[in-house]
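The same chain A turns up in both complexes below, where it pairs with chain B and then with chain C.
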Partner chain A sequence: MLFADLFFLYLFLPVCTVLYFISKNAGYRNAVLLLFSLLFYAWGDLKSLPLLLAAAALNFFLARRIAGKNPAAAKAALVCGIILDIGLLVVFKYAAFLTENFNALTGLSLSAPRIALPLGVSFYTFRLISYLLDVRWEKTPAERSFSRFLLFVSLFPCTVAGPVVRYADVSEELRIRQITVEDLYAGVSRIAVGLGKKVILADLLSGITAEIFGGDVASLSVLGCWYGAAVYALQMYFDFSGYSDMAIGIARIFGFRFPENFNYPFVCKTIAEFWQRWHITLGAFFRDYLLYVPIFGSPRKYLGLFLVWFSTGLWHGASWNFVIWGLYFGLFILLENLIGKKRIKKIPLPVRHLYTKLVITVGFGIFYFTEPARLGAFLAGLFGGNGNPFFGGETLLHSLSGNLFLLAAAILFSLPVVPWIKKKLEETPAGLVLSGLLTTVSNAALLVVSTVLMITAESHPFLYANF
Partner chain B sequence: MTKEAVYVALNQLFSDIFDEEITLFPETTAKDIEGWDSLEHINVIHSVERRFGMKFKMGEISTMKCVGEMVDLILARATKE
Partner chain C sequence: MNESPAAGPRIRQHNRKQRMQRVIALIGVTVFLAVFLTISAAMLILKRPAFSDLEKRALTEFPSFSFSALLDGSYTQGIIRYFTDTAPYRDEIHDAGNGLSDYTGFRLDDVKMHGISEPPVIRPEDTAPPVTEPAVTEPPVTGPAETDLPETGPVGTDAPETEPPVTEPLVTEPPETQSAGGDKEDPEEKLRENGIIVLGSGQNTRAIMMYYGSEGATAAYAASLNRYKQQLGSGVRVWSMIIPTAVSYYLPEKYQKYTFSQKAHIDYSVPLLQDVKNVDAYGALLARVNEPIITRTDHHWAPLGAYYAAERFAQDAGVPFAPLSSYQRVDREGYVGTMYSYTGDIKLKNNPETFTYYKPSNSYTTTYYNTYFQNPQVSNLFFEWVDIGYSYGVFLGTDNQIAVIDTDSSNDGVLLVVKDSYGNALIPFFTGSFKRIIVIDYRYFDLNLVTFCREQGVTDLLFAACAFSSCAVEHPYLEEMRTR
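Our next item is the complex of A and B:
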């Protein structure tokens, strides 16, 4: 069960909300949320539920030791906890990948274990690691109640695919939550926007990506390669930012303020800025918990940078193209750092926009192709290496003309056009009323159209639930 | 070492790193100085550690909010004048 699902939206969420609000006491309310969170998880991946519970219990116990008075025990507990959480990821996410690479290196033929990826493991292990380190660094006290901690770990709006919500973000709200009518309105609006991004834009764009990249990549024209990757970048944006909007909106209904995960990434003028606007909570995780790792006694700039981008890539999947993808972005961030912000600012704005958009487009192409041969064909194709013409003739023209409105809408909504219009409108009192009215009507329309699409179309899972 | 002396030394150090005249205050944060991003923070930390003959812990580097916090840590640990 995912957010863009009729059963979730029209049964699970309403029943949970009603039971939540008829429970007067904060303890009962937490109990309702915990019950529905565990139900949500079990629905998605019942056999991985014990793993989630065990990870929560062990981290809860270790964090208490980390916060304890014995310094040696605290240090040992921290080391154990981090090994445990990273170990979970290695075993359940990377075991097959590691075995295959080990076999390739040594010529052995060990059988690769076939372990299904436990739901949300990439996200909840990171949230647990951040909790242990925050307790160690005294940014937050260790949680005393296991049920509250389990609620933090399993909280259904963020367990499956983020945002990477930290314990410190919600520690107060796990105890006391004030929910106003405004919270409910903002929450439902955010859900409608996120659902629209996912069901209308991302799912329709995925049709174009499949059409362009689904066949023989080596036969694509130069422009076809660029077009496919650019459409995929937009698809990923609407898919994942739509999911994040829904997560933030659902959490808001229950009085949790989740951190933002996206901030119009395509307006960026440098690649470093792109990553401050795309999957913000993941970037912040790597910045706070990995970049300053003291290698050889001190944090090292270029080694830290390499570690962060190698890990960012690998985190997205057990495949080399993701590692290449991460290092590719790391390389541009390194270049920008070497050039320096002041010198970059002197470059004309259109050039900076063109540079970032081209780098991002190629990046998403690398992200798309998990098979090395197809990735190679794509990269060659971008620069005419496959001997194909620059312009692809019929297929490309057909795709462009058939999806003109969809592509225009996707570009429009990927840029902060709506907030700009709202801001302009809200400068006058009459405009303020009009803006509120238009927002409500458009959100209602989004909900209706998305629902109709969900009833009629086949279901498309959120892409980030696979990482 | 006095707090004032630490600020004088840090002003010099920051001016060298960011290639412009910088005057730091306790409430100065990375947002106030162009170019002081998470990556450049490593250079800042490295230079401060060398200048004052001390070490920051990883948690301190990650959670340091403003120059005032950095100065307090320096005063507590500096081994070089």
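Our next item is the complex of A and C:
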């Protein structure tokens, strides 16, 4: 079940919400949320539900041991827990990939296990790992109630595709939640905006990507390669940030305040800044739990950086193109570190913007092509290496003209234009009213237009639900 | 604890702003909930359609429960698909959505390309995708005949006055036995693979499907026809009519690079035919390209195009052929064909065409059989009551049965037409040319065709299918019919 499914939006969500608000009793409300969270998960992947439950139970138990008074037992429990959670990922996400690479290295022909990726496993394992480490580092106490802990693990707004919400982010709200009309307004507004981003922008942009990259990449013109990758970067942004907006909005309705996951990443002036604005909760996870772990000794800065970006890439998928993608960004961040912030700031702003947009565009091209041959053709094509003209083909021309308004809207909404206008408007009482009016109308319009397009278009799953 | 004199107004201003924000939030939530709950209620209360006229297909049914389906997720996913696919007023909403999607930009040269990727590669022959002729989607005449016939077209009214009265309505139920071929591929998927260009404006708007055939498939087709000829001997004339589509005539030069040449493949087939005669439908249509020979909004040709091709065949075969003026012309206004649902291009919807067909004036009787040539039922040649969106289905109704048309023609010959849906439009024009016409769709025939030809005293065997069917896929049907 996806947030952009009619079934979710117009049946699951209203039924859950109505039942939730029937009573103000916190226990009742938690029970409703837990029931619907498990139902949501089972609806998408019933076979993997026992795995989720078992992982939750084991981590709950281990965290209690970690918080116990026996240091040796605590350490052992932490090690067990980390191995268990990473083991889950290795077995269910990377087993086939590892076997194939082992075979390639050794010349053996071990059969690669065909295990279906459990729904949301990449996200909930990271949340479990962060929980164990936070308990170990005494950033948060171990949860005493298993039902509350299970609610944290399975909470449907963030189980499938993030954000990577940590236990500490919601530990208080798991017990008591205050929901004001402002919360509801903020929640429904985020839902409408997220739905619009996904259904109106990302899904329509996906049609362009499919047409541009759907053929023989080796014959694409230079501009065609750049155009396809740039459109894909926008598509990814609206797809994933749209999902995050909906997750944050739905959670807000139920009284949870999830951390932000995106902050207009395309306004960045360095690649490091881009990653402070893109998938913020994942970046924060790696920063807090991997980069500064003192396991590398003095050269930890560079080894840590390598490990973080290798892991970031691999986390996105069991394919080398994702690893290359992660290391590619890591390389530019390393270069920026070596150059230094002060010297980077001296570079003219337009140059910094151009540099980041070009790097990001190429990066998303790498992300798109999972087949090495097509990836190679794409990379060569970017710089005319395939012997094709700079500009060529009617499809590119027609794609640009036929999607001109869509592309303009996508670029506009990828920049913080709306918050800027909103802020300016709300400086005066009249502007506040106007802003409220515009928001209300646009929310309703986004909902209606998105619904029409959801019925019209074929289903487009959220891209990050695949990771 | 003393506040500055300015603090009071500031606090009041802050409180006023907070109150205002609360009111705005309340209004915002109320409006959103009103819209949201209205849509939710509509989704639950309003009647869900079972058939899409727009897409010409039965919509997703609510999945039947089983534990295995529950476990593998197909049951829950099926419910989600059902919920979306059968949304109330889904066809009208599709039109609205297609209209909205048209505002993403503007059309360069009045052209919009759907599903066409750069570059326009000429694919190697052996990698051409297995494209099948898109079957005419069954028009909704498969229900009980009583509900279909009486209201808009009493049985027999389609036939000329001289046609014998029909005793019972045709019940065009799905075939009792699945034909050997069946619908093995989703034609719509294949269509989209090819890509479609919509060009022109107003009444010149036209959708053109790109064509990817192969010499290999063409050679296989020709070889198959040769084997029929060898087996049937000199007593039966075997004919090949490869029917071109819109791409052969209406695609501007600058877009030619996105398609293979149908003419090249048709020409390629001719020298490969051994004692099998080629009917130059391509040439017959080329001479009439300024007339409405091919539909603008559908993937089929128009009956007028079929007339000219049939005329060419009659000339080649030396059989009588009635002039067009002798036919009764019937116009169906407001026709929007399959290309609209394939592309979602609102321009096609906004520029419907007139579907014109022609009813012969001579006397004839049409009898339908199942795919084993059993269970004869006399009925109409023209299914004139079909909805406007199914206008091409006016001929013979469905593909999945054998039709036999007995006529008062002066020619005693028996013509057997092996066809895809393109061939349907030819049939009415042969009623004056042969005493008996037998029509089979190669996808729905469960007997040995050679034996069948001999049993039926066939004098002329005509293979009439579009280039997509004949030259683009080495499908097994022709050989299966010959060897089973």
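By definition in this document, the second predicted complex is superposed on the first by the 462 of 467 C-alpha atoms of A that agree within 3 Å, B and C clash if a C-alpha of one lies under 4 Å from a C-alpha of the other, contacts with A are read in each partner's own complex, and residues count from 1 in each chain.
By definition in this document, a contact is a pair of C-beta atoms (placed from the backbone, for glycine too) under 8 Å apart; a residue touches a chain by one contact, two chains touch by 3 or more.
Computed from a predicted structure; not experimentally measured.
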{"item": "Partner chain in contact with A:392 - chain B first, chain C second, else both or neither", "value": "second"}
{"item": "Chain B versus chain C as contact partner of A:188, first or second or both or neither", "value": "second"}
{"item": "Chain B versus chain C as contact partner of A:346, first or second or both or neither", "value": "neither"}
{"item": "Which superposed partner A:301 touches (first chain B, second chain C, both, neither)", "value": "first"}
{"item": "Partner chain in contact with A:69 - chain B first, chain C second, else both or neither", "value": "neither"}
{"item": "Partner chain in contact with A:453 - chain B first, chain C second, else both or neither", "value": "second"}
{"item": "Of chain C and chain B, partner touching more chain A residues", "value": "C"}
{"item": "Contacts of A:211 with chain B and chain C, given as first, second, both or neither", "value": "second"}
{"item": "Intersection of the chain A residues that touch chain B with those that touch chain C", "value": "none"}
{"item": "Complex contact set, residues of chain A against chain B", "value": "133, 136-139, 272, 287-289, 291-294, 297-301, 304-305, 333, 337, 340-342"}
{"item": "Residues of chain A defined as touching chain C within the complex", "value": "1, 5-8, 10-11, 14, 42-47, 181-182, 184-186, 188-189, 192, 204, 211-216, 219-221, 224, 388, 392-407, 429, 432-433, 436-437, 439-440, 443-444, 447-449, 451-457, 459"}
{"item": "Residues of chain B that touch chain A when the two form their complex", "value": "19, 34-35, 37-43, 45-46, 49, 55, 58-63"}
{"item": "Contact set on chain C toward chain A in their complex", "value": "16-17, 20-22, 24-29, 31-33, 35-37, 39-40, 43-44, 70-73, 76, 79-81, 83-84, 87, 90, 93-94, 96-98, 100-101, 103-108, 111-113, 115-121, 254-255, 258, 344"}
